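Structures follow.
Common to both upcoming complexes is chain A, partnered first by chain B, then by chain C.
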Partner chain A sequence: MTRHSVMITPDSVMVNGKPLAHKENGAALLTELYRTYVGDYPKFFKMDTLCKLGFVASELLLQAEGEPRFVPREDRAVILFNRNASLQADTAYQATIQDPDNFFPSPAAFVYTLPNIVTGEIAIRNKYYGETSFFVMENDDASVISRQLVNAFQDPKTLSILNGWVDCFDEDHFEAHLFILDKLPTYDILEF
Partner chain B sequence: MDELIYTLKQQIIEALNLEDMTPEDIDENASLFGEGLGLDSIDALELIVLMEKNYGIKLKDPAQGKEIFKSVAVMADFISKNRTK
Partner chain C sequence: MIVKVSDNIISPLGMSTAENYAAVKEGRSELQRHDGLWGLPEPFTASLMNREAVNEMAKQKGIDDQYTFFEKMIVLSVAKALEQTSIDPASDKVLFILSTTKGNVFLLDKRETGFPAERVRLGMAAKQMTDYFHNPNAPIVVSNACISGVCAQIQAMRELESGNFDYVITVGADVQSAFIVSGFQSFKALSVDPCKPFDANRSGLNLGDASATIIFTRRDSVSENDWVAFRGAIRNDANHISGPSRTGEGSYRALRAVLGDLNPEKLAFINTHGTATLYNDEMESVAIERAGLARVPVNGLKGYYGHTMGAAGILETILSMQAIDDCNILATKGFETIGVTHPLILSNQNQPTDKRAFIKLLSGFGGCNAALLMAKGGAV
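Let's turn to the complex of A and B:
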């Protein structure tokens, strides 16, 4: 059973199917959402766009959920999926090492050259000690996603999963669609 | 030295993405790590890159960073004495 959802694209934000008003678009939209709805996590400004996207989407989702925040828990997993992995951060890092005469590898860019940094940021922020995984796949394949989520529930400790699609090509092309999925007593196939 | 301190503050803000901060917000005598600016280990690496890129200073011994990065003022003093560009 899914309850609560958030969808963010460069020019739209939906929480539980209802549009959220905003002024900015693209990467500036993510900063606007952070300043308006979060504001207490300055590390946000050090994140790459993929992380910012996953972070603000998870914040809106968890605020919509309304449960107590920042309480250590092992019963919630964070499992995300995308197509472009950490391409934007990879490109930014490559730019710092492209020119042999101007070769200054950026540590701050380098730390985001893995997509699963997003799941880690969400887990750290919320004190989630359950499974965290980030799967990279060619298409938003619901059957593959369902299988991974069902597998995650094989761990008896996992009772809910913050999950969904968090993909970023660049600052003007990204998409997040996050859900909270609760474990049901019995099921074999999840429907999206 | 005042000009170097101001420039250094600008470079730190830019390199470390310290949004909402201006050079005036940074106390040049405050600790960069811990309770001061609250920088982390990745920031320390960025500061090492900043010194090499902008001032031609290569830190051969990472332990040097502990002393050099005590504050912006200490950093500026070290740069003024060791810069090659």
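Let's turn to the complex of A and C:
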């Protein structure tokens, strides 16, 4: 069984370990990936960088998985991790309220000042009614992350998890490593 | 089973669980109108801490001004919850889980210069806390919008079920700032008057400062007075990032998941999110009706505290446990006339109960919803 994976950095894209050709870097890379591999979801252009990154990475991942798309399901969770939470959106929103003489708090910016919005965007796109969770930690620590993922299978409804690290510092500095993890029988042992 | 060992609430209504419960039972609130606070052009109503009192109490614990106000709130709440136990927080068998949405976000304001910029990262704020207690484990921060406090408890249950730790300390907090208040104002989500959950004339939510802690452990057998975290579930609406589902999809599914084959007659009440926005309260009524729970009493506590964000799920769970210990269903302050499509059993007066279980329900931005079934004595 292939363990599907997608990795995106400002200057590289890998799907299942193989490089994906692209022309752009940084913020423009995410738009290029959207136009080349998705194209039919204009809400993309409203998203903050974290959501754009998580969205295109999840699209590439689910295309690689090759299962039927957009079928309502409750057995797949979306559990993501990062370091900077919603820092890029927070900074963008702060700019709308920083100057008392030019005070224009923007609801369109404020809505993205929560890191878990990206899990919601992926759930909406794919009609996933299962668990969505977002965790923030200083380091991309594989042992802590895998512990959380194994724990999540204690919910008997959850049979697979779209998971991984999705972090962005600003519009041009970001990193995503996404995977799909299926429930294995051995996880049940860990419940007791 | 996963059992509550200890708890604490720090809020404008008191510095302990007992003080907070007594205040709420008496119907008190510190929701007040603020004009011109933090340079905000529009007035707002919120339940805010006396920051000098927190600073003074922190100083007594050796928590100096190298800690932000947010960090003082979480460290103090955990310290007060630990005081009632013999747990060594420095043990590697103790895990800290922090529930927050915005942590030290005020540090993004260019006028704030007293702290290193890195402390805006939630993991760094959490590390301030674990360093204070000399705990060696990487703290987990749950940042799932308004449902974070219930998610943190579900996470604690899972870590303990897995046998990874002996104790999990879950602490939830948010402190209000120009960032948060102006954002909710821009959404037109705030009421300028004290909020009125589920009421026909409700017009939005109020915000509040609070921190709250529950310490959990795992036991093979429980006594009749032990509070057991029985079952939790998190589900998504898969509908909209900033508006609840009209069918209450995620809350309905979370409620069904925690109910299992439980007879709803066993439930004393459902403690709702009850923010007093038009859409949230309507959605909850739909979800509760769909889940077959329309005959279970419901209440909401935002009329006492406002929406305390990362603290809400923990604070409201603690008060619900206290209420059942006191054979009481707490009044929904601010509620007068039912204003949701599906009639719910609500009261603005405390009501007696002899039942021993409740469900805590929350929903939040990102379409997320969470439910937690708590049972006294573990039998439901």
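In this section, the second predicted complex is superposed on the first by the 184 of 192 C-alpha atoms of A that agree within 3 Å, B and C clash if a C-alpha of one lies under 4 Å from a C-alpha of the other, contacts with A are read in each partner's own complex, and residues count from 1 in each chain.
Definition applied: contacts are C-beta pairs under 8 Å (C-beta built on N, C-alpha and C of every residue); 3 or more make two chains touch, one makes a residue touch a chain.
All values reported here derive from a predicted model rather than from experimental measurement.
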Message = Per the contact definition in the header, classify A:F45: touching chain B only (first), chain C only (second), both, or neither.
response = first
Request  = Tell me which partner A:Q94 touches in the superposition: chain B (first), chain C (second), both or neither.
outcome  = second
Request  = Answer with first, second, both or neither: which of chain B and chain C does A:L159 touch in the superposed model?
outcome  = neither
Query = If you stack the two complexes on chain A, which partner ends up touching A:A64: first (chain B), second (chain C), both, or neither?
reply = neither
Request  = Answer with first, second, both or neither: which of chain B and chain C does A:F135 touch in the superposed model?
outcome  = second
Request  = Once the structures are superposed on A, label A:V111 by its partner contacts, choosing first (chain B), second (chain C), both or neither.
outcome  = both
Ask   = Counting residues of chain A in contact, which comes out ahead: chain B or chain C?
value = C
Ask   = Of the two partner chains, chain B (first) and chain C (second), which one does A:L20 touch, if any: first, second, both, or neither?
value = neither
Remark   = In chain A, both chain B and chain C touch residues 105-107, 111
Request  = Would you mind writing out the residues of chain A in touch with chain C in their complex?
outcome  = 72, 74, 78, 83-85, 87, 90-91, 93-94, 97-98, 100, 103, 105-107, 110-111, 113-117, 119-121, 123-124, 126-139, 141, 144, 147-148, 150-152, 154-155, 157, 190-192
Inquiry  = Using the touch definition from the top, list the residues of chain C that touch chain A in their complex.
reply    = 39, 41, 101-103, 105, 108-110, 120-124, 127, 138-145, 151, 155, 157-159, 161-164, 178-179, 182-188, 233-242, 249-250, 253, 257, 364-368
Ask   = What part of chain A is in contact with chain B in the complex they form?
value = 42, 45-46, 104-108, 111
Task = Under the touch definition given earlier, write down the residues of chain B that touch chain A in their complex.
result = 15-19, 42-43, 45-46, 49, 52-53
